[in-house]
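Across the two complexes that follow, subunit A remains constant while its partner is subunit B and subsequently subunit C.
Right, the complex of A and B next:
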């Protein structure tokens, strides 16, 4: 065995590694590049229509003029509404599945169902929401029906996120707490949840991003084609950004004339999702620090 | 006087017979060491005393375990009460991601103590008992994770002492520590036995010799020999004990 003079087998090994790394790097770069192109494309076309008027006024002239304020408000209503529904139920289910449920057929069944729920196409949620909330419960096309439908869509994501975050907490912390005479609930609330919190919250906010961009579930449950006034109760219809985008790109009165508005709307939607992701990152770091300190 | 007493204890993990009829008694305010090759059931037996085995699916226990005269497996026993009475320190230090102060106060808080002054006094006393006070008294609000491994283990001891158990179980408490921290912890065990009954699992025979008054040798789920530490190490009765302490297996 000697250093210095490299036998050809070693050279070949290193060459293989270099080629592999080159390919990996190339692929990662292309993913980033695609993202940048999409964002840049929307940005360049959308930025010119962004103005105070665009953000604060209702659409006019067959949606070729004016702004998208009602749609922004509508989307915010739906996001808040769906989260009020999905967060408590989803988080509690996640806690139950990971902390309480014994490994039984029931637990496996629940997990299987949540996974399947996550795989159902969102249009099916829309159809189901229409049948159940709009008609059966008689909520009509409303913020309530739309929020519940979107909430159902977010539920599996919230459950999974909570579950994964809890699973990542080392068991020795639970054992340590139980050995001091804490009950299971005290252990969960005082030790496990604070540790899992940063990751749970990140997942929640990512699910907000998902919900705010969905069109299919709101199509038959809440979204209005054109409704320039703001909602006054949860039983009102609203406009929403993704649906508005769909409408003015496909079935507006004058599609060419509203093209710029469409890019502006897409731009606002993307900014909302990006802001949510930034917030998620920031919260994770903020709470991550706090958990260690307190 | 006996603090922990077990009669013909059998434990099964599913089909696996891990403890095979163990009868022994541990004296109050003495240190009892469990030795034996790894996998012989020392930890399993220790976890019976604060019912931590309850947390493992598929465990079945037979026999009787009395702590300070009370049958701890009878139905009227609340496990959280039992665990206040029987504290435990683990192999790997496992402080909570909280401040040093809150780590020690935790056991008090979960057991319903609200009185701030009482908690502060108890935290200070426990940290002093665990020989950690001087090192941390100026940074009680700092995260426990900033302490060294040895300090973290003493913090875990303080945490266990804060709720004033009568029995303290230690499962290889120094196996993750450096020699200096190990020496400190052993010294601490020596001082603690004045107020506590201590049962310590160790794979280190020198340690058993240094810290314990009585030693029990386990092999394949059985209690092979149990005697005063000096007697067991100088004059073992069973061939298997002799083989083990002379390093012929394990």
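Right, the complex of A and C next:
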């Protein structure tokens, strides 16, 4: 009776299972609790700071009063700049890996390198961006240097998203299109890409959320401690939300007095991430329904 | 004609796409090139602080000093030349500000124009002097002897126990405390994250009903999306004071605070990777186990976990990788003391935090700047090793299955 089918052994078995499942359930929901605590804490403390003035004015009185408008504009510039770089190259790169590359050592090499790039810590991107864009290319601390650094950081994410989305498309669609006389590019552009589009766009939105919160890569490539003036060209420095949160919560003339500003900044950052996630989830559901209806 | 044009267009597009495909590879190669170009530069520099001269009397038999010895002298731990292989005489320390003890203002000159000459005289006069002054005051014909410090060696860099990159007169570049600090914090993080993450992934993969699962998945995705600086801020205002109160510490910025925050940050990686691994367990194996009379829990820990063990280890390794490279959160909560850690309740300093905190102040091309790039190299190699291990584990898994 190795599986113990006597009634008492059976009860014991059941009891063990119930205890184990209870523990798993408890631990899983403690993960949710952690998220709720972090989000709740910052949202509750932050909401009282949010006002039109906070969102539309520059910081004053050594970062203890005023708002975060220049940082919002700066982060916006960086997100747009990095995505202008990462989206086209990343999507084309994903198309290359999944549609065009033949199964050769080169494809394996490209995949390996993309994987490695994804594993490189963000601070190393910061070092690299400083060495290449700021010094070697002579861009100085600028939106251009910061955007390119952030773009490189986002590249593996965009590539992987595209790749996954393309992989999910059944091969019969490609074969069907090719059989009708379409070329490879026509097939990719008219058949494969439109079908993969929902998944690609969802991934892109999530990567925007990531990029807007990155701090380490912009430390030495673009971020300014205090710069109330808005940028006028891509060679200007800007303030940025994550860097602003870092400096006002760790350094500065009066950390305690700027705490409220810090809660407000953290609130805005969280809201950006929440919006990106909600939008991505909504799109996923929206397109999911549409596919079903077809 | 049209067909020819189409063909040509196809070729151009294929070229563009292939070119885009190579961007990541080029980037990785460029990263390696720039990191190591700057980072290896540190080994061709002497650890004398930028723009400084260390000099002794010409009769002094001591010809070479190490950076560590210079620091010990300045800390008054070495006070006699005998300890350095010289004569039995006390070391007379001299810094440029001490010049007024020997010469009047007129002798030095209002604009310090005679200072180089006086320094030269002084070093020639005092047999047991160890002088340290800025190299702009080094006279053309110096009557003393300049002490050259040995270049920073890889051994002293990797094995050195002291990291004081801006100390005068000789910088101390030992990265051991930083490497140990990084490993210490990451290990703590994985100890916290692994049980929690594994339990959650088992729950998600095998126990939870689809409704609960559909609720939990986005929550975990959200946890991954929160910026590290926000985690750092949360740690700073909640976790750090909490640790300070609970353990009655003078400061709450400790390795423990870093581990807790990093543990939370590593959770999404661990959960999603190990859940994916568990989901690949063939249905036939699960059903066979259930048909033999095993219940669900027995199936989980006798069949599913052994089957997906390589995926679970991949998850743990990737979690460590995430923790090792994390910068901002750690920088904000660990206190950044560059000492070799002994307990989790002491401040520590990690490699990424060191780079982030110090690069802004390090002059470009100087020894400090290059040392920070060398730290970047170490960090890069650590994460590369982790990626390779993951590749190896999953390649082995594939080989086993086929």
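Miscellaneous remarks
The definition used in the following text is that the second predicted complex is superposed on the first by the 255 of 294 C-alpha atoms of A that agree within 3 Å, B and C clash if a C-alpha of one lies under 4 Å from a C-alpha of the other, contacts with A are read in each partner's own complex, and residues count from 1 in each chain.
As a working rule, contacts are C-beta pairs under 8 Å (C-beta built on N, C-alpha and C of every residue); 3 or more make two chains touch, one makes a residue touch a chain.
What you see is a predicted model; the values in this text were computed from it and never measured.
In the superposition on chain A, contact is made by A:195 with subunit B only, not with subunit C.
In the superposition on chain A, A:103 makes contact with subunit B only, not with subunit C. Residue contacts after overlaying the shared chain place A:149 against neither subunit B nor subunit C. After overlaying the two complexes on the shared chain, residue contacts for A:124 are found with subunit C alone; subunit B is out of touch. Judged by the touch definition given at the top, the superposed model places A:75 against neither subunit B nor subunit C.
Contacts of A:237 after superposition on the shared chain: neither subunit B nor subunit C is touched. With both complexes placed on chain A, subunit A has more residues touched by C than by the other of subunit B and subunit C. Of the two partner chains placed by superposition, only subunit B is touched by A:179; subunit C is not. In the superposition on chain A, the residues of subunit A touched by subunit B in one structure and by subunit C in the other are 183.
Interface residues of subunit B, counted against subunit A in their complex, comprise 50, 52, 55, 57, 80-81, 83-84, 87-88, 90, 92, 94-99, 102, 106-107, 109-111, 143, 145, 156, 159-160, 163. Residues 6, 9-10, 13-14, 16-18, 20-25, 27-28, 30-31, 34-35, 37-38, 195-196, 199-200, 202-204, 207-208, 216, 218-223, 225-234, 236-238, 264, 267, 271, 292-298, 300, 321, 324-328, 331-332, 352, 355-356, 359-360, 364, 372-373, 376, 379-380, 383-384, 386-387, 391 of subunit C are the ones touching subunit A in the complex. In the complex of the two chains, the subunit A residues touching subunit C come out as 3, 5, 13-14, 16-17, 20-21, 23-25, 27-28, 30-32, 34-35, 38-39, 41-42, 88-89, 92-93, 95-97, 99-101, 109-110, 112-117, 119-128, 130-132, 135-136, 152, 155-156, 159, 183-185, 206, 209-210, 212-216, 219-220, 242-243, 245-246, 249-250, 259, 262, 266, 269-270, 273-274, 276-277, 281.
Those residues of subunit A that touch subunit B in the complex are listed here as 102-103, 170, 172-173, 175-183, 186, 190-191, 194-195, 291-294.
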